[in-house]
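Here chain A shows up in two complexes: once beside chain B, once beside chain C.
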Partner chain A sequence: MSVSEQSPPVAPVAAPRDRWRTINLVAGLAVIATLGILLSGQSIAQFPARVILLIGLVVLAAGLLRGRAHKFFSGPSAYFATASLLLLIVLAIFATELSPQNPYDLRQLDIMDGRLPPGSTTFDGAMTFHLGTDEQGRDILSGILYGLRVSLSVSIFATLAAMVIGVVVGIYAAWAGGRIESILMRIVDFQLSFPSILVALMLMAAFGRGLDKIVIALIIVQWAYYARTVRGTALSEARKEYIDAARGLGLPAYRIVFGHLLPNCIPPLIVISTVQVANTIVLESSLSFLGVGVPITQPSLGLLIANGYGYMLSGQYWMSMYPGVALLAIVASINMVGDRLRDTLNPRLQK
Partner chain B sequence: MTSPVIRRLAILAMAAAIPALPLAAQELRIGLASEPSSADPHFHNLGPNNQLRRNVFESLVGTDEAQQLTPQLATSWEPVGENGWQFNLRTDVTFSDGSPFDAYDVIYTVCRIPGVPDSPSLFTTYTGAITGFEVPDPHTLIMLTAEAYPLLPTEVSTFGIISARANGVDGSTIAFSPEGCGDLNYPATQAFNDTTAAIGTGPFLMESFRRGEGIELVRNPDYWGEPAPWERVTMLPLTSEGPRVAALIAGDVDLVENPPLQDLERLRGDETLRVVQGISNRVIYIHLDHEQVPSPMIRGVDGVNPLQDIRVREALTIGINRDAIVERIMGGVAVSAGELLPPGMFGAHEEGDLPPAVFDPERAQALLAEAGYPDGFGITLGTPNDRYINDAQVAQAVAQMWARIGIDADVDASTASTFFSRRNAFEFSAYMAGWGSGTGEMSSPLKALLATRDPDRGFGGTNRGQYSNPAMDDLLTEALRTVDDDARQELLRSASRMAMADFAIIPLHYEVTPWAMRATIDYAPRADQYTLPYDVRPAQ
Partner chain C sequence: MLVFLLRRLTQSVFVLIAMMVVVFFGVFMIGNPVDILISPDAPPAEIEATMARFGFDQPVHIQFLKFVGNALQGDLGRSFVHGESAVSLILSYMPATLELAMLGLIFSVAIGVPLGVYAGYKADRWQGRAIMTGSIFGFSLPNFWVGMLLILIFAVELQWLPSTGRGEAVEVLGLRLSIFTADGFQHMILPALTLALYKASLVTRLARAGTQEALMQDYVKFARAKGLSETRILMVHVLKNIMIPIITVLGLELGSMIAFAVVTETVFAWPGMGKLLIDSILTLDRPVIVAYLMMTVVIFIVINLIVDVVYTLLDPRVRVKGSAA
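Showing the complex of A and B:
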């Protein structure tokens, strides 16, 4: 069957489409930039940065679903998953404003408040711990909100960065061909032959703890997926008539690759990257759970679960359970949204 | 695959059958918290290895629950001359292959210790002082040292004796030299692991040693002392806390080491189980960087090391609420520490004579202001996160308390191997670690942690804060030369008092070691944290 019918060659000059592309590009850059700012711990313009981040994400999603919204929202589960994902993202982005305590500020913690069950108050009654506290006296609710933020921002940033690297390598391999392609793809094969959790564990053991280090480790273990996917798609696209046509017009290689080849490789990328964000969250949580991820004074969801894990048998369930529920919710909703996206974007499933 | 019902019935049947069996036929199954790296008694100076060694190989001098010395292969010992110790050996002891035990086996053992191939940690720490032997008769042994050496009986309690004859060596022909005695057909480490060389005088024989699977011991029928109460002992490595406790509750093992603190309450409430606990010789402490300027993990100061100011060290010490840590993080299973060894052990102060620093955050803030840091400074506290009981949680609690006196504290927690290599490279300005006194007396922590670093004398080997106080060094050196126990104890106490008055190190708490077991058996807690099946007895 001919795929070109479904994904037509890039139209010469289509004004609305170009506008959307620019908007998406700006939104994507804004998301990466603000995530970078937030991850690097710059406190300047924190609140505006977060608002921009939220707007950027929403615009990206809107651009993606433009014209396909009815197909995407074809059942109640799509509405449910999108709503819960949006809610969790808003909670994560505005954790600072929403949470009753800053769980990363040691001055606000008191071990005398440690291991209180849900609904307890501090000694002076100034604050209620709606979901209880962990053994450091950290409010679990605040910990979850901040932990969501760490998990989401680390995963989105690492996924986007891994995608950029993977796309560059994959497209270059497909376009260059020959020995370069073989070498690059053998590197990819080599990388994919190791379980990512194992590689990430070794990297973290070598790097030490830290948000920046976990992002680097996650990028290193993920880029190969994108490289392989992009190369496959690019190889099949490169044989099509519109590329020949572009060549015939005498366009320079960079314009053919970035203007024609790359845009047509995007849909499968979006699908894997959505699922991959969920995988990255799980990977980051696993690393933190195993004690090599985020710093212990800045717990993510995985570390919160690990901290409470030892108390499960003794009945103090809330320390592990609520962060676990939050992790489940975020991973499940991302996966459901990813599924819907795949169904929406995959031409083969169009009937 | 047996169905759970059948398995339960089988357990019931076994439970019903046990009282009918003669006590001596019973089997003891132990859940180990950490696994020995080898069955070779001299391969690795490591707690789990030393614990296993004591079942099969004995030493001249034994230690009781409080690490006081007791006769074992030697019935008595006394100093002779200026620089010697005479050990009078038992005459009724044979190794498990039938060869008799005598003084030459001790010499053979001391000869083997320095040359064990690939050893991660040699026992030369404990044999290095020996310069020669005299053997007036086969059951009298005189050990010579370069100078008067009061710790020798303590040190010979740390290594197990192997047989010269069993390895085809006539002990009387050995020419001992501290540099090495030549090739004496020493058994290989692997030969101990496959049990062919596991020939000792202990109450048990090694039947099998399989890493990751378990260790099986059987009673030594020819043991010179009272026979072991167990026909067979199985030790299973159950290094994860949850499965270890679950195995005890399910009846798969009879006794577990180190049940997790958070489960103790529940275990105590179970009438079929018994929990015992005893204070250990291990202190958890924070070492501060006394040497590097600027110090690597201190922020917000201009090229100085605030930890060199005694007022800052005092502020950091009294800013910690030890009782809160003991109660909230350690679940009450720890004792606040005022020095490096708990009361009751040799060289430590009597209860109350050197109490833990009193928590006083106001005074701590005043001291910081006085020292020129009214707004505090930034410091990162390094800690392992899988080495000591709740280590990372304790470090976090300390950081929390320091934050409250105005210090911008955070915690750098890493796995033990990473942590220790970074610590040894002096990467930390402050780090939390623990020290168990191998000899059970005060010179061990003082020598390792606080004496001025001097590799030639074995001083300050773990003094990674590089504390140096010549007056304390002198007291310690004097103590290490004094054979008279009372005088030595007084010198050690003075040295400890001097270091504590200088806030050289911040003691946090002494670990308390718990054991959990069936209510039908009993075990006396040991300060050295060893689990010795010989001393596990059916409950009265």
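Showing the complex of A and C:
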């Protein structure tokens, strides 16, 4: 895929912009490819793939903030939120390398180490449990790192997939108009009239628990939200002159939609999807807490909290308290970064 | 108006039929209920007898038709676990959820309105900013996490309030309610607070926006010119004018309170509909799951219908569009 094919022929293309397009494209492809390797469960080149994934994400973020960095970093809270989000993402990506123990390798666990308070050492004194252990002698810190990875990857994947579906439906509705539009939007309205946790609960009650199932449930819960937003944006963009110009040039419909309409509907989506990732993490952890989310073999933060919850009333707070703090940290930092992004990217708020 | 109402009613019936199909076949996919009804080691004849008794030996579409036929008569099956009619079982759990949701609404107004009015009054000062930042946390904190924290602080550490259960309940107008006994009310405080937090941050934002707008109005200037104290202006003149939109929004949010109660009830072991649903999912008690989902859909359809009708009555533009089409 060459870059010249991607760029719209009408706009005069400046060289630096072109370079950033290439960089973003390469970074995006690298992120998708490495994610594919990591999530497929194959044990090939795991560590290099993680490094490339991290670099790709940072490059994408830099591309997004290019020229607006001073606006984004206006105030200490922006620095703080970005730093903590970056730290948590690094922890999630390198959970395997960073955690003191593989919490799901039964050979590394010893039931004798069960329910130890923070700071205790193993039975033989070889290792310190900085955040204590759960009832099976599992290191809470390692559990949190692995759980962070599950929570983040489930939510990001579900949000992106829902975004793609929502964008397709929304753009199609806006472009097609008429009866198709009213039917699609009726479905969207209907779904959005139910609270998302209720819909997700219904779906999980029907599906049973499982990683793939919760991802599907989270996609179904979210797509309508994007479809409504994209349709609104697309309708207002479609009235603008550059679309008329593209029509006047005799471009085929798919080029107008994908080359011109779609790229201009993206900025509001980035803001929404950032905040939506945080909402999805909350939703997923609530479902897992209720016992209808992720399977026991791959616990997310919500399930870790649920597992330790039974011991909290007897004062053994660390089993669910520390995963809870991690959950709060990731949700709060994503929300704060999303808040800054909204102020930075939203043209309507510019004074 | 009548045409509009009829059209919405027909739509609701279609929605209900669609939900019946989705819910029945969705729930049909999970697990084999015979496994929990009877030991797998039981003699084959006994297993077959059990399956015949519950009608599991018939093909899916026959089971579905029977389900629809019974549902039309208000019978959504008998609970496998409790042995009672699923509908009356859920109805017996409903008062607990409703009183919790009501107290949650009251708490969210009691917390949100003062904070919002104060934040609107001090909009550009640090107090206003701090309240707004706090409300972001109210939005983003997971419901169960808040409940857990409250239990840890007030039940485990300070031991001021009980952590789980419903406490003493009394019959009021034929319903068993906890809110009227001191013990029951103590049990309700923590779960209701948990349920209220999200709505409280919503109310805070609404009240802040309303206050900021109201403070610029002429009647506030006039009240100041009359020499009324700031407290009196805020508490009487501003408050009266911002309460209408807040009450409207909260009325609409009652439905989502019932949905969120699922999480809160599980955290506090509150014996309401939500806890019943989760327990039924975990024990694969199919009729109760189906009945809960169907009843919730009906509740939501009714709420949405009422909302639409009220909007039509209040906003002439909607009415014109509705009756013209």
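Note that in this section the second predicted complex is superposed on the first by the 327 of 351 C-alpha atoms of A that agree within 3 Å, B and C clash if a C-alpha of one lies under 4 Å from a C-alpha of the other, contacts with A are read in each partner's own complex, and residues count from 1 in each chain.
To be clear about the criterion, a contact is a pair of C-beta atoms (placed from the backbone, for glycine too) under 8 Å apart; a residue touches a chain by one contact, two chains touch by 3 or more.
Being a predicted model, the structure only gives us computed values, none of them experimental.
Colleague: Of the two partner chains, chain B (first) and chain C (second), which one does A:S286 touch, if any: first, second, both, or neither?
Modeller: second
Colleague: Look at A:G310 in the shared chain and tell me whether it touches chain B only, chain C only, both, or neither; answer first, second, both or neither.
Modeller: First partner only, chain B.
Colleague: Using the touch criterion from the header, give the chain among chain B and chain C with more contacted residues in chain A.
Modeller: If we count touched residues of chain A for both partners, the winner is C.
Colleague: Should A:Q136 be classified as contacting the first partner (chain B), the second (chain C), both, or neither?
Modeller: first
Colleague: Could you tell me if A:V277 is touching chain B, chain C, both of them or neither one (first, second, both, neither)?
Modeller: Neither: A:V277 stays clear of chain B and chain C.
Colleague: Regarding the shared-chain residue A:L201, is it in contact with chain B (first), chain C (second), both, or neither?
Modeller: second
Colleague: Using the superposition on chain A described above, determine whether A:L341 touches chain B (first), chain C (second), both, or neither.
Modeller: It touches nothing on chain B or chain C.
Colleague: With both complexes overlaid on chain A, does A:M321 touch chain B (first), chain C (second), both or neither?
Modeller: Touch partner of A:M321: chain C, not chain B.
Colleague: Report for A:I296: first if it touches chain B alone, second if chain C alone, otherwise both or neither.
Modeller: After superposition on chain A, A:I296 lies in contact with chain B alone.
Colleague: Using the superposition described at the top, list the residues of chain A that contact chain B and also contact chain C.
Modeller: Residues 205, 208, 291-292, 312-313, 315 of chain A touch both chain B and chain C.
Colleague: Along chain A, where are the residues that touch chain C in the complex?
Modeller: Counting only chain A, the residues touching chain C are 190, 193-195, 197-198, 201-208, 278, 282, 285-286, 289-292, 302, 305, 309, 312-313, 315, 317, 320-321, 324, 327-328, 331-332, 335-336, 339.
Colleague: Which of the residues in chain A come into contact with chain B in the complex?
Modeller: Going by the criterion above, the answer is residues 105-107, 109-112, 114-115, 135-137, 205, 208-209, 291-292, 295-297, 307, 310-316.
Colleague: Quick check on the complex: what are the chain B residues that touch chain A?
Modeller: 241-242, 245-246, 260, 262-263, 265-266, 324-325, 328-329, 385-386, 392-393, 395-397, 399-400, 402-404, 409-415, 418
Colleague: Help me check something: in the complex, which residues belonging to chain C touch chain A?
Modeller: On the chain C side, the touching residues are 15, 23, 26-27, 29-31, 136-137, 139-145, 148-149, 151-152, 155-156, 163, 255-256, 259-260, 262-263, 266-267, 277-278, 281-282, 289, 293, 296, 300, 304.
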